[in-house]
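Two complexes follow with subunit A in common, the first pairing it with subunit B and the second with subunit C.
And then the complex of A and B:
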């Protein structure tokens, strides 16, 4: 199985090296790879349905106890067959759909890489590995939604989906780590073994909630569902593959995978059923008032995902069985419907149903396929959808606690589904011919092949469900619930309360359909009512939050990065003073050994001169006076050096000071006079800051004088200066011998500075 | 005497910080010079000062503690020279800046473009 993943990775990159003249064959090449993988996994059905689990492990990051562990169980096989099987059809469909667009290379690259990532996700036996694939699918979904990145709507929707699923991914990771810390492992099998311990641990509820949030964002559950309709900006093959059949089911997969670990507790049941029912109902409710056929399909997808979450939440054998079957039901009809929607878009140039109508006569084959798919979507016999719906009702009826609540919404949701399906059929395919058919489009078998196969499968499995039940649903169910249960699917269950519910649903659906079909204005009113009643639209909430966050960031940046040089410096000095004073305050052992004395007086006098010249330099408004008094300060310091036995320092200081003075005087005539730039208040503020800093430095100097350095280095230097380096002046010996490398660095700095000056002065006026 | 010198260090730092906070670039450079002088003096006096005993040695062994400490002197000497390099470079930069923009006001230096 690792090799399979590797094949996906290599094949994705092969796309770029395929020569130009056989570029058209790329989708066929990729579809055949998918087909090969499909057949490979199909051949494992016998093994897996016999109860076997295939495990492959290689060390990944052994230091962290991470393993690249792939597991093929009944559950993962069910998903793998969907991913690869529908993958084949989607790539064939893309051949027709993407022909007219440029940059198809990159499209196929993303899409194929996604197939591989999705496959890796459902095969992961280690939750960290699972998370990596999970994020990869989110990211590729982002790239695919923004494929038409010239359109602002695409970019916005892509960002939205990435933000929501990415945030959810991080929260999921937190949940995984939390639960993982309980058992000290991220391997699913270890989690399952220690399920009892996890369920009684105090981290159970927080971990559960975090993982659920991750699932809800990915699988578009309320209140995170709003990114999915936006994701319809992607090319239709993507909607058909990622946003109906595979990626959005990743959350469902995780719920099924962790059901044995986290399930069986009221928290699991209540949260999932509640969120699932709300999502299911809202999805179906909003589907009916959409005007865009892809949006209708997106909302029904949300509804279907809600059903799946709810079924896994009910957490009985029957409900899990219904969930697994419905997974297939939904993938079959929804992928087919998206393919049809894409074809209709190409044919008519619009996605608005109000401009369509009477397509049945023009595209009879597509009409037949759509009829089958919609029948399955409505849950009517003899399609697989009917079986799915019956099983779901059965599961709901069996649930003792919250049955009535779930049943009411379930029936309402299904009735809405029937109405939506019929509405779709009648508005798009039957009735009067629409106006906007000016787009002439060449027919292509590839448009109908995928949807045709899926619709026929819906029909076939509806009539003969035993193969699906025996070989796919049963192993999946048994691997989720760790039981040995025999699945027998039948189309006719006899007259019981489930049948009664079906009849009620159908009647309700039909009446609703008739109501809105007859009176177009009713739907209009309904839509307006929704707009007025549901004033808080989550998409807007998301946008507003994002905008205000950006504004906040901008304001913060404007405050912190104001662009005024002196305020940056001011901040540095204020912080430095505060820290210095704090350090002075907390440092213990303050003892001043020196005695305050003004002797010798000529040095004290010199200090007074330096202080005065410094002061004058600061306050003077004359440039030349400032520079000369600054020079006085420098020479004064040189004299201090001289008196305190630092001859070399004194010499250097005098030379440097002279050079600086000369430099200043040379350039001074080029500069303007000092202008009065600062206000009195800001001067006062700067004086205060400067005094705070300066006094801190005085205290620092006093403290440092009294630290006993023990002079070991200095003593060594003094002792060896003449003996080893043959120099009498120790300071000079240090510079040119003991620390010669430092001096070389110093010279280098000077050379670089000189070069800089040279270049600056030489370069032409700008 | 060290106390007086420590106070001088504080005064020089005060002057340096005040000048560095001015809007005029020329004053800013002068502030840099004050601060570099202050730092040199700080390092110089940090191991105590000795009058009239420069660190000169001959072939006979000497009492190392009686001499002034040569290490801070060597460090400060390097610092003086490098400080000089910085000041000269800054002056040249300032020269070019004034030539390009015609202003001495740092507050005008908010954007990279004119």
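And then the complex of A and C:
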């Protein structure tokens, strides 16, 4: 499996070396790689459905106990088959869809890496590894959504999605670390083994909430759902992939993965069912008033994700089974519907349903496919969607204390879905022919191939569900719930209360559809009502928050980064001297006087010269004089270094002093004439600060002589300088050998400073 | 500035400084000196020359532009750091060999010396870049 991930990485970079004249073959190349991977994993079905789990481990960061652990269980296999299978179809579809765009290389590069990252995500057996892939998918979907980055809407949507999912990712990481600290491991299997301990630990609830927030952002749950409709700014193949098999399903996968660890507690059930139900209902509710067919589909995705979260929240065998089946139902019809929407866009040049109509006669094959997919979306027989919906109702009935609440919203949501599906069908494909169609596309089988396959699969599995149930749903279910349960799917359940619910739903949905179809004004009114009633739009809340955050940052920067050099230095000196004097005050009992010993007269004379020249440099009223007297100070100190036989230091000091002198003169000769501008008060302030800081430094220097520095280190360096590093000059050996890392850092700082000076002075207009 | 004495002197002092810089660099490991001091000496030679003539001319006389020198410096540092990783398993571990050259006798060569040469070049590049940038400011007026 590690090799599979490696193949994804290599194949995505191969895109750039494929010669220009066979560039057209890129999507086919990638699709065939996907197909190969699909077949490879498909061949593992026998093994996995037998209850086996394939685990591959290599050491990653052994110091931290991290392993690159890949696990192929029933659950991950169910996701892997979706990702690679739909991946094949999406790449084939992209071949037709992306033909007319430029920069397709980079598009395929992102998309293929994305599917590789998604594959890695569902195969991860270690949650840190999982998190890495999680962030990768967030990041790559940002790049994919902003693919048409010349459009402002694309950039905005991409930023939103990155911000929401990125923030959620970090919160998720915090949750993972919190729970991981309980069992001291990030391996999923260890978590599962210690599930009881985790559930009774005080970190359970905070960890749970953090992980849930991560899941909700990724899987577009209320109140983080708003990034998903925006994400339809991406090229349609991306939407098709993002909404069906990848990205938003990552959160669902995580919930299923952690169900045995964190599930089984009321916190799990109530949070998930509540959020799931709200999301499900709102998604369906807002879907119906959208005018853009891609937006309709995006909102139905939100609704479907709500259903999945709710089902995993109900946390029974039946509900988990329903979730796994609905995962497939939704992936099939949603991928197909997005492909159709993209095709319609190419065909008509618009995404507004109000301008469409009567497409059935023009594109009969697409119409048939759409009919099947929409039937599945509405949950009507004989499609797979019907089975899914029946199971969902069955699961909902099971939850005793909140069943009524969930059922009401469940039925309402499904009725809305039926109405949406029918509305889509009638408005887009049937009825009067729309106005302006620009038929500027090239006919291509690749437009309908993917959606056709998926629609037929929906139909086939609806009629003969046993293969799907036995080989995919059953192992997934058993690996989530750690049980041995045999799944038997059938299309006819008999006349029971679930069937009754279905009938009610269909009737409700149908009458709702009739209502809005007959009276066009009604939908208009509805939309206006929504606009007026839901005055707080989450997208606006997000934008406003971002804007005020940026304003705050700007104001803060203006205060802290005022741009006055003298105040920066002032701040540094004041802070440093306050800290120093505080330390002096705390560690009392210093005797400073005993450090004064008699030195030869020439050294004493030198010190007097240094002090005198320093003083002169402060009071002098000529810049050149100041610089030269500062130079005297510097050279004097170099001489003192020499006296204490620090030759290296002395040489360096002399050269640096010379350089500084020359550079100062160079700059200062261009300055305006010297003038006294500072007021008395500010001068007094500066004098005070200078004295405080200077005296603090003096005390520090005097004190440092007294401190017993435990000479172990310097003795070691002196003793080993020649023995180990073959150098007699200890200073140099320290610089280039013992402490080479420090030197490297210093050189880097110097270079960055030089580049900074270079750029700053260069940008100045001469 | 246009002093003939200074200009004539600069022609020769420049090379003298470079010579001493190389000496300082070479003997750095056993006696006072080293890459940092050597680098500063070379940049002094450049600055001296450009004071005697002008910055443009000094820049033309440069064998390597400051940016290139920084590049070489960093590259040498990077190269010197790696052999230790491969031979001893620790980044920056010193590796030494000795070769004998007829006139100079036995010479010990090691990655720390290479590191020092890297510092030498980087310091030249940085200082000369500082200087030329400031010199530009001098031409505002």
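As a working rule, the second predicted complex is superposed on the first by the 563 of 766 C-alpha atoms of A that agree within 3 Å, B and C clash if a C-alpha of one lies under 4 Å from a C-alpha of the other, contacts with A are read in each partner's own complex, and residues count from 1 in each chain.
In the analysis below, contacts are C-beta pairs under 8 Å (C-beta built on N, C-alpha and C of every residue); 3 or more make two chains touch, one makes a residue touch a chain.
These figures come from a predicted structure and were not determined experimentally.
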Which partner does A:599 contact after superposing on A: first (subunit B), second (subunit C), both, neither? first
Mind working out whether A:662 is in touch with subunit B, subunit C, both or neither, as first, second, both or neither? second
In the superposed arrangement, does A:544 touch subunit B (first), subunit C (second), both or neither? neither
State whether A:614 touches subunit B only (first), subunit C only (second), both chains, or neither. first
Quick one: is A:675 in contact with subunit B, with subunit C, with both, or with neither? Answer first, second, both or neither. first
Partner chain(s) touched by A:570 [first = subunit B, second = subunit C, both, neither]: first
Looking at the overlay, what does A:741 touch: subunit B (first), subunit C (second), both, or neither? second
Where does A:762 make contact in the superposed view: on subunit B (first), on subunit C (second), on both, or on neither? second
So, does A:713 touch the first partner subunit B, the second partner subunit C, both, or neither? first
In the superposed model, does subunit B or subunit C contact more residues of subunit A? B
Identify the overlap between the subunit B-contacting and the subunit C-contacting residues of subunit A. 647-648, 652, 656, 659, 663, 667, 670, 728-729, 731, 735, 743, 750, 753-754, 757, 761, 766
Residues of subunit A defined as touching subunit C within the complex: 647-648, 651-652, 655-656, 658-659, 662-663, 666-667, 669-670, 725-729, 731-733, 735-737, 740-741, 743-744, 747, 750-751, 753-755, 757-758, 761-762, 764, 766
In their complex, what parts of subunit B are in touch with subunit A? 1-24, 26-27, 30, 33-34, 37-38, 40-42, 44-59, 61-62, 64-65, 67-71, 73-74, 76-78, 80-89, 91-96, 98-100, 104-107, 109-111
As the complex stands, subunit C meets subunit A at residues 24, 28-37, 40-41, 43-44, 47, 51, 66, 70, 73-74, 77, 81, 92, 94, 96, 108, 110, 112-113, 115-116, 118-119, 122-123, 125-127, 129-131, 133-141
Write out the stretch or stretches of subunit A touching subunit B in their complex. 563-566, 569-570, 573, 592, 594, 596-600, 603-604, 607, 610-611, 614-615, 617-618, 623, 626-627, 630, 633-634, 637, 640-641, 643-649, 652-653, 656, 659-660, 663-664, 667, 670-672, 674-675, 677-678, 686-687, 689-691, 693-695, 697-698, 700-702, 704-705, 709, 711, 713-715, 717-719, 721-723, 728-731, 734-735, 739, 742-743, 746, 749-750, 752-754, 756-757, 760-761, 763, 765-766
